[in-house]
Amino acid sequence: MDKIPNNRAWWLVLPVFLLVAFSALIPLMTVVNYSVQDIFGPGQAYFVGTEWFKEVLTDERLQDSLLRQFLFSSAVLLIQIPLGIGVALMMPKSGIKGSLCLILVAIPLLIPWNVVGTIWQIFARGDIGLFGWGINQLGVDYNYTGSTVDAWLTVLLMDVWHWTPLVALLCYSGLRAIPEAFYQAAEIDRASKWAVFRYIQLPRLKSVLIIAVLLRFMDSFMIYTEPFVLTGGGPGSSTTFLSQTLTTMAIGQFDLGRAAAFSLIYFLIVLLISWLFFTAITHADKEQ
Amino acid sequence: MSLTLENLSRIVDGVDYIRNASLTFEAGSFNVLLGRTLAGKTSLMRLMAGLDKPTEGRLIYNGEDVTGQSVQRRNISMIYQQFINYPNLSVYENIASPLRLAKMPSSEIDRRVKETAAMLRIEPLLKRFPLELSGGQQQRTAMARALVKDATLVLFDEPLVNLDYKLREELRAELRDLFRERQCIAVYATTEANEALALGGTTTLLHQGQVVQSGPVMDVYRKPVNTLAAQLFSEPPMNLIRGRVSDTELSFDEDTRHALTQELADLQPGEYWFGIRPSHIALKPANDDDLEVPVQVALSEISGSETFMHVESRHFEMVTQLMGVHQYHTGAPISVYLPINKLFVFDTHEQLVHTPSQVSGRGV
Amino acid sequence: MKQARSKNVGITVFIILLLTPVYWLLNMSFKTNQEILGGLTMWPENFTLQNYVVIFTDPSWYNGYLNSMAYVTINVIITLLVALPAAYAFSRYKFLGDKHLFFWLLSNRMAPPAVFLLPFFQLYSSIGLFDTHIAVALAHCLFNVPLAVWILEGFMKGVPREYDEMAYIDGYSFPKFFVKVFLPMIRSGIGVTAFFAFMFSWVELLLARTLTSVDAQPIGAIMTRTIGASGIDWGVLAAAGVLTIIPGLLVIWFVRNHVAKGFALGRV
Amino acid sequence: MAEIHLKSLAHSYSKSPSGPEDYAIRQLDHVWHKGGAYALLGPSGCGKSTMLNIISGLVQPSEGEVLFDGIRVNALSPRDRNIAQVFQFPVIYDSMTVYQNLAFPLKNNKVPAARIKERVQEIAEVLEIEDKLHKKAKNLTADEKQKVSMGRGLVREDVSAILFDEPLTVIDPQLKWKLRRKLKQIHEQFDITMVYVTHDQLEASTFADKIAVMYDGQIVQFGTPTELFEQPNHTFVGYFIGSPGMNLIDVERCEAGVRFGSAEVVLEPWQIEYLNRLSSTNVKIGIRPEFIEIGLEPKVNSYEVEVLDMEDLGTYKIIDLGLGDETLKARVDEDFDARIGSRVHLTMPPQWTMLYVDEFLIQEQS
């Protein structure tokens, strides 16, 4: 459908523009403003240029937390995307069973993020949590508040529990959007189950998978509340991710200039990587 | 009452949708726009409706310039190829909607809706919702909504294309009857020559955004101004054969020649295009002076009552439309006969130079 | 048929695993603290509603829920009000800077909320909105409005433009057409958008906690209070957690048939 | 290749059909012979697509049997029935090239690579898409996609039958006849059983040797295009085939045969005899507009009629003739001319005047 050129349409988008500009542009300008100043108190600020940026980029604590962040996001994508596709393939196509599955699978998505943390905080404890207790019963020494590896695995497991449903639901609806005729044609062409998946389902899931990858990357890269409640970032700083580092810096230490510079770099990284993902996937498509 | 298009053009991003169209539509007339896909039929109708603004030219209604008038203020109706109805309103409310917007008293609305529904034979469906209906019923609802409000201009954009052909035939016949008594301007777009013939009225041929020819349907059919008009307005398309005229005879090639008749005597010697309608070609000579052309059969398609036979000679191909069943094997050599008095002649610029004299056949 | 059965088994196992942590929370919410700390039991042996009674009788608890509901509702309303016309503009018209504007809107969905914490705090404090529902609702618009525009635009593109034209031809003015004809046609889209706006506002805590202190404090922030002098009150904490899941369940129940469609547009 | 036999077949989409109106297909027996080119013709909703899907196995019939060469295949899935089907809208594997699309069914059948190459090339040539073989299928136009869809059906050599479900819906009118011709050519070349579903009589009759006309879940006639035209077995066939359809007139019995209004139609003795054996009052006569003769002078058994309307269709004219309360349509030459309101004389040649009782044709027993 051709869109009609009409500049008066701006009147329709004006409220959105103003609202988002108010919520995004003004704060962003504040951040930029802070990032180039050193602030000691009201009225006491000095222009420091790119000092904060240099400091942030060379700060080892931040580099560590960035590395941890990348590890975490990659692990999230590697586990959740295939698992989500698998779950979607198993979900019943229609009827009451379909709706029921949909709702049950969606439950983790509807839980406030701090409650997600709370649930796992309880669930994984060795004394009162089924999961922690169960693992200990198996003879494995498991303690997520003491061991770095255990803490990591628990945070990862929690994220898989929390967000795989999103990938599954996206894929499920992508699958449902494939017209029946394609399956019929494949049946008639005597395609194997694998061929149906490889040549019909997977190519047609591409657009939802792009969304799934982008969303899961972005949101896992910004994760804050759940690990904060579960582990408080510990033990040590082993599960302290970027958002928590930033929050601590800004609110805990009130280190405004540094936090602002860090914020900008953080935002740019998210934008850049999202853009890379997006163009890489869509470009590979045009190439062919 | 009349609607006049004055040098109307619509050009968007360098693409001509409509180029320099000038036409007049009279009240009470039924006008068919005939052209292939993307010929500009829809574009022209959208300009007439005021849904698009022309880049150049004016739209005059009853002597008043209405080019810039908004759609809401024009009293028009439009029926689309897709079945467009308000999905969340019942058939009754669908038909009533233009009247409700015009703030008509509800007793009058009720009377009109029922009357129009009866006319289109959808009275029993008034309580149903559009998506519960068959395609034909949905389109009838759309037509009822278009007809209920006494619009001055009713536009049909290939309304029957998505229906079974038998249903098409029925609705087409009903449409013709519905508009006989009305004082509005009806404009109907179609890609099919046979539909234009069946609907009658005035026909306008469109091609690549331009008006090729316009006039009463039979004038356009019988006197196509050029080869393009002839091709557009016959189905299967008119056969065109390159040939020449000398002082004494006309010839397609060395083997196919015929002495000039009285009728063709005015033609200057030279190269011409000769046109012959598929239905005029016969397997047996009807007159003594029919031109015999030896050909080979390429394919015969039998429709039950008719046979479409595709034949080829060394230099040209032809399609013939024959009554009855004629079965030949591919490659069979036969002769077909072209009545000289039914030949159209076009010059090398493809403009019409000779029309076959109207044979007023046996009649009362 | 064998394959269908293995699929059913697979999905059942997945759902059971998915629901176990939730079950555990539910289980705990019906236990006394003695039972919770006294040893692991698969279901409450001394079934009690006491934990829920605590929440429903203590205003400082139930006000948390009311606060959360209040800002979520305000957020959903604002989001829909501004996103509907904008999505219509994007789905129907070409206008100066449309593509850039669209991308800029979406880029806000990518902004880490942590980045905006401090500026938001200062912004809303300076205009006197700190610790109000409207502040949180406006802050959540940052990510909900772009999302809503995106989802709605997808639904609106699915409605052929001929419907708009038909309505104009019948004599509808734009506002009347939009409200009476167009909105009913994208009902399910509006439902789905409202659902997602609700969900993302309901589950967010970082901004909500930062922008409030007492009067508009969300339930999530109040839950941290269960850590008292005598340790954590696990039973009440679990009950509070269970209660936060219920509104989401209710909402998804209403839009269950449309949610799949919203996802299918690839827009979440 | 196989003979396909449908034995007391019936199908309903509802689980507990309460009456005949719940059936998409009502109790029918039919045989599609080996190697024939057939069309299944009918209006939308007559059950023709359902029947096609029952043959291919995409739909399980609720009653009756499907036999391939005498073997019951009801329980077999489409893949085991070894059948090819082309759908109304193009179905292509868009991540593959055209070549891979065409090779796909062969690969699944474990055809040797060399043979696949040969065969794909052959089909691509017939369909005139050999220059597109290495393009991504999703970048094709709608027509080309549909050609690829068809190609996947045609490429297999061992199929029991190829089924087409309105395959030319998305094709531009100019191209339609070309593709129809291609299909016919392919049929002659490879000699495969083909069943072609359509609502367009021209499409059906130009493609098929024999046409099954479906109406209301039943096959009302199975015959050559000429038979359907000249001897419609059922009033629906008379109405549906031909444009305009057959003139059908409700009549009463009388001495000489039947009559309507003041007009008597003289029937053949065997027709009268047949009629006398039946008690039904639902009697009609039918005559095609093409077979009505019109003259200026009265003749034996001619009727004087009034010219009510005349429609000029360029190559011919349709005139409406008033005879009593009835209106008959007749097709005449383009040269024919008559004033509206004038009177002419109409003859119904006995060999073209059909007699229908309870909507079915009364035929002479040989």
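Letters A, B, C and D mark the chains in the order given here, with residues in each chain numbered from 1 onward.
By definition in this document, contacts are C-beta pairs under 8 Å (C-beta built on N, C-alpha and C of every residue); 3 or more make two chains touch, one makes a residue touch a chain.
Since we're looking at a predicted model, the values are computed, not measured.
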item: Path length in the contact graph (chain B to chain D, fewest steps); value: 1
item: For chain A and chain B, chains touching each; value: C, D
item: Among all chain pairs, the one with the most C-beta contacts; value: A-C
item: Centre-of-Cα separation between chain D and chain C, whole angstrom; value: 56
item: Distance from the mean Cα position of chain C to that of chain A, given in whole angstrom; value: 16
item: Chain A: positions in contact with at least two other chains; value: none
item: Sequence positions of chain D contacting 2 or more other chains; value: none
item: Residues within chain C bordering two or more other chains; value: 160
item: Chain A-facing residues of chain D, complex; value: 56, 58, 77-79, 83-85, 87, 89, 91, 93-96, 104-105, 108-109, 136, 149, 152
item: Chain A residues touching chain C - in the complex, by the definition given at the top; value: 1, 3-10, 12-13, 15-17, 19-20, 22-24, 26-28, 30-31, 34, 86-87, 89-92, 99, 101-115, 118-120, 122-123, 127-131, 133, 161, 165-166, 169-170, 172-174, 176-177, 193, 207-208, 210-211, 215, 218, 221-222, 224-225, 242-244, 246-247, 250-251, 256, 259-260, 263-264, 266-267, 270-271, 274
item: Residue ranges of chain D touching chain B (in the complex, touch as defined); value: 43-45, 172-174, 177, 180-181, 184, 199-202, 205-206, 225-226, 228-230, 239-245, 288, 290, 296, 307, 311-316, 333-339, 342, 344
item: Chain A - residues contacting chain D, complex; value: 179, 181-182, 184-185, 187-192, 195, 199-200, 202-203, 288
item: List of chain C residues in touch with chain B within their complex; value: 160, 162-163, 165-173, 181, 184-185
